[in-house]
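The data blocks that follow each hold one structure.
One chain, subunit A, appears in both complexes that follow, with subunit B as partner in the first and subunit C in the second.
Moving on, here comes the complex of A and B:
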């Protein structure tokens, strides 16, 4: 593979190409790993995430553009404006393969353009073009305008909407209009640089070092996934929202901002219903599962709506969490988020936060500029989304994220902000699942399942239960309320997710069909593709290196374990009435116990949660020791 | 849609396509040991905005316009019904590409490209084998019409139900 890194200085328009360093590839595998190292090197403690000096990194997975299963993904990395901490966010579509076919594996943006621009990558030719005419346009309109301007409808775009331009704390970067690098506000970082879009057309090729070896292992992995017919047929038919009904039955589908976990007619938010009535399947590059949806509404008040999605998170966050099961309304809300360029998880969180403030009298109809923020008022949801993206009225306050908004509102509003470290929690109720709780607390970007999803804890097949027991060494592994074995469960998942992200393979590959794609065959695919020898154990070690480096980034900022390893207040202080009859299933003490065991497992200091010098040396992270210890 | 001597055909069902482009990646690799959407004999046209996808490839037309327009007679049909090219006769005039009603012939960096249903590899089409969406299927030709008839019939029956067909 002969891909390059493209360094773009937006301040002076300088564009520089550098080969991808083989040593970097050997030590960090690609995508998320290499991005993490670049971010470490290019960032100093205390850097303002929205300042020109802050870097914005795009890293394609090491196998993107090949037929390795589910391999078309890309990692976006920067310092998060929502949390002020490390942010990695992953996106699918076909942007990553297109970039690689054009000859580029990494894009590094620094500086700030004097006026709005977009980067046009036309195979070998790279130019910055005037985007003043695109500024203010939604993602759909901007995509269309770029394709018209460049005269090719098969260009792939990566772009921001009005929310990114207006520095909304949860603005996303959208690939191919509707696929989001959603979490943590990377869209605001892009907006702060006056970078509206990246347009790419790649007509070249990607090659692998050992074609025969690669074919053998990659196609075998594809066939193995395909043999798990239950998994991929459900995924093709119903998408990610196939899990809504199960979550509702289990009492963990957030309702009214996590006040409880069940709605009366969850079926209307289910993948089954959405796929039957509104949506057809859609997929990222080289996918076996086809979990993406594309919805169209043909009748009723939202007729004419069309957008990719809705995914599980969109349905739960903008639906049940805001107190509605109006399917078409939620699809409309998802469309708005996509074209305005906002994370549906956080956007739904801000709406439900505002609704709860309204319920308890912390916000009045006057504060809401005339909107009736009663639970489930779809019209208000839609207007509020628009106002957040454009920073109008109450929307301007909410656009700063729920932590900041709660601080401004005061009078106890903090209790309604289901966030930790400044990031809104995804729609998984961690009170019912100890490994999710631990993983969410440790997640360097904030509480969500998309960095480390310990689905094995659910033990949904005998095979998965066996795996969970193997990983943890205890039959309690699949007992969701027991802390036993959960630190090992989380560590294993963190590592396999890190490797998966580095290769550009979709995270669902690991957990929807456990063991078919694993450390061994991922290492073999990497080795055959790059010509760099790698074993499954070595891949896992690299996963540990990346997890640790990501933590070091946050430690360098001067945060302590008490500030870093936390969950939203509601999760640890209020029981959910729909879980175990309102019993307190998760407490701070229980979480702390798991955390300490986890630190020991990682060979970090059991009190401070800081990796020791020996651990850093073992992981080849010595270079970071001075910066981190100096920040203490 | 002509069939090969075994009565098999490569059916194209855009309704099931999800735009994953696995077909293109598999195709470019098994023929040329490279990966590339534009280096493939099957190409997936994607409309990102409207979420529409369609695999485009040579369907080995019965009365193939490319064969007719070729000024040197370089294009013809082999024993399996595949439209093939005689490299010696071909002068690279692009007439076949310009004429193809499907846009399924291209002259890329690798030269003339068109689907041969993997006949040159001596096997059934790779793309269909790895298309989990079921948009490209290698199947008995006699089943294609039957499946289509069933679809049409169901659509008609369903449209007769009150309250349906929205």
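Moving on, here comes the complex of A and C:
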């Protein structure tokens, strides 16, 4: 595990290599954890996320490049331009292993290049190259141009599209063109630094401390996942969109910007339909599940479209949420987001927000520069996506995110912005699930499922139901509308997701196939790979340390719990007509009750939600105490 | 009493949108609906139901009564159904 950290000062072109600190690895495990600590150390309160001083961090998982199951992930961390708060986002593909093969585990960018550049990592040789000829290109064209310029089509790229260049609040960083570090606007941070791309070619190998021990535990984990035939078969055949039908039947598939939760012909967005008509499986590095899709449209108005996906979130956000089940149209919209470099969740949210404003007369056709923003108008969706990425007309307003756009539009538009802390909610209607509601409210980057997805609450097998009861100590754990047990449910999922992200393992590994990859065998893989002894309990405690440090980052900004632990207004103030016959399933009071119980569980102050000094000492986070307490 | 049953387990059922309207004597439970389904369609039994020791669903499947997962309710299959209820038989894993 002889990886290095690469510090790049884009202002003066300085490049410095440092060995990965073993103590840092011991305390934070890698990937997300080390990124979180670096971000804390390199950022001061109030720093503008788009200023040259703001750091942008890439951290491969500690197991990336090995055959540990589903271990091809990388974490991108920065201060979010969408929220002004902590942001970690995670991406698959093959970019993380390629970085490891080149000898690097972490990339730390600061400063701003005087003109567009890209970083070329050719094993041990690292150079900044002129990217003025790439600026303005979409991700597909830029990827092709870089490979042509360097004469190697095996290069892996990590890059931004026009949306990142134009500082769109939900611009993503794309790995291998189509895989997104999607949420929170990390692409805008990269664009603000005039950094168009990172190109990597690695021909080395990743060594582990105990090859025999590692092989034994990693192979056992792979075999355990393969033995869960039901899970991997469904993942392989239908991808993440296998969940569309369940969400629709449960009344939680967002329709028309979460005004309700069901569409008549949801099957057209289902993984079953997409796989039959348009897409085949595609896997990230070392993956057992192969849940990724790659779609092609061969006929009709969108013939010639090809792109990775569509995932559940893309289908729901650009499809049902915008009032359409036109499968080909949604795939085309997904392709546009990928090559323009925009998060499909937020992009769909902005379109559906604009459509609801249009429905209620807050935006006119004139305001929309001639577009008819009626629900389900696919042609308008496609044009609006382009305009957002290029900041043209109404697109320029929407490119700032729904919170900012709603403030500008006024006249009650805030009610249609389904966002909290500045991030648009992902496409799970939390009014149908108290675990999700609590997890979304606590998520330091804003309301979505990719920091903590509490699928144990669904209890889809007897084994998962038992786990849910074990975690929470109550049979109410799988009663989605009961608050009972949900704080413990969320805490457990937060911790296992944190550890998984540190190791570079896909988070779906935990929650699609519960118990087969767990704290114990993840700790064993880490120990065998790094030579650092680690137990399952210690791994879990490190997960808690990381969760707490991420919260401290936001507390240091001076926010109160009332500002941090919130859900979109629509979720707590309007019942969904398709959920439990229109009953009011979630209220602010119900959420507050769960939050207080969660704070106590975490040994944070039950009223303020601020960790005590004793808690910080217990977690080895004493260094943060003065900064956080001083910000109160 | 009429209850709408939506069978959404196989790819074919999903693409076809299989919906049955079952007529049952009142009072009736979710278990009564499943027993009626099993009597009507033996292939459904093989696909989704386990008869022994008691009638239930195969692992990984979920049964939603008006959107709520009834298998997770304390009374499970004893849960009563009412006129116009919507019972959905689906796969239980969500997406991401």
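Things worth noting here:
The working rule: the second predicted complex is superposed on the first by the 632 of 632 C-alpha atoms of A that agree within 3 Å, B and C clash if a C-alpha of one lies under 4 Å from a C-alpha of the other, contacts with A are read in each partner's own complex, and residues count from 1 in each chain.
Quick note on the criterion: a contact is a pair of C-beta atoms (placed from the backbone, for glycine too) under 8 Å apart; a residue touches a chain by one contact, two chains touch by 3 or more.
Predicted model, so just to flag it, every value in this text is computed and none were measured.
After superposition onto subunit A, the modelled positions of subunit B and subunit C are compatible, with room for both.
In the superposition on chain A, A:176 makes contact with subunit B only, while subunit C stays out of contact range.
Once chain A of one complex is fitted onto chain A of the other, the partner contacts of A:475 are limited to subunit C, with no touch recorded for subunit B.
If you stand at the C-alpha centre of subunit A, subunit B and subunit C are 80 degrees apart, rounded to the nearest 10.
In the overlay built on the shared chain, the residue A:449 is in contact with subunit C alone; subunit B does not reach it. Looking at the shared chain after the overlay, A:247 reaches subunit C, while subunit B stays out of its contact range. Of the two partner chains placed by the overlay, only subunit B lies in contact with A:283; subunit C stays clear of it. Contact with neither subunit B nor subunit C is seen for A:344 once the two complexes are overlaid on the shared chain.
By the touch criterion defined above, A:580 lies against subunit C but remains apart from subunit B after alignment on the C-alpha atoms of chain A. Of all Cα pairs spanning subunit B and subunit C in the superposition, the closest are 16 Å apart.
Comparing which residues of subunit A touch subunit B with which touch subunit C, the overlap is empty. On subunit B, the positions that touch subunit A within their shared complex are 18-22, 25-26, 28-29, 33-39, 45-51, 53, 108-109, 130, 132-133, 166.
Those residues of subunit C whose C-beta lies close enough to touch subunit A in the complex are 6, 8, 11, 14-15, 17, 59-62, 64, 66-69, 71-74, 88, 90-96. Those residues of subunit A whose C-beta lies close enough to touch subunit C in the complex are 230-231, 234, 239-247, 249-252, 265, 267, 270-273, 276, 291, 311-313, 428, 432, 449-450, 453, 455, 458-463, 465, 475, 478-481, 507-508, 512, 578-581. Within the complex, the subunit A residues that touch subunit B are 65-67, 93-94, 97-98, 101, 140, 143-144, 153-154, 156-157, 176-178, 202-208, 211, 215, 219, 222, 226, 232, 236, 280-290, 292, 294, 298-299, 306, 308.
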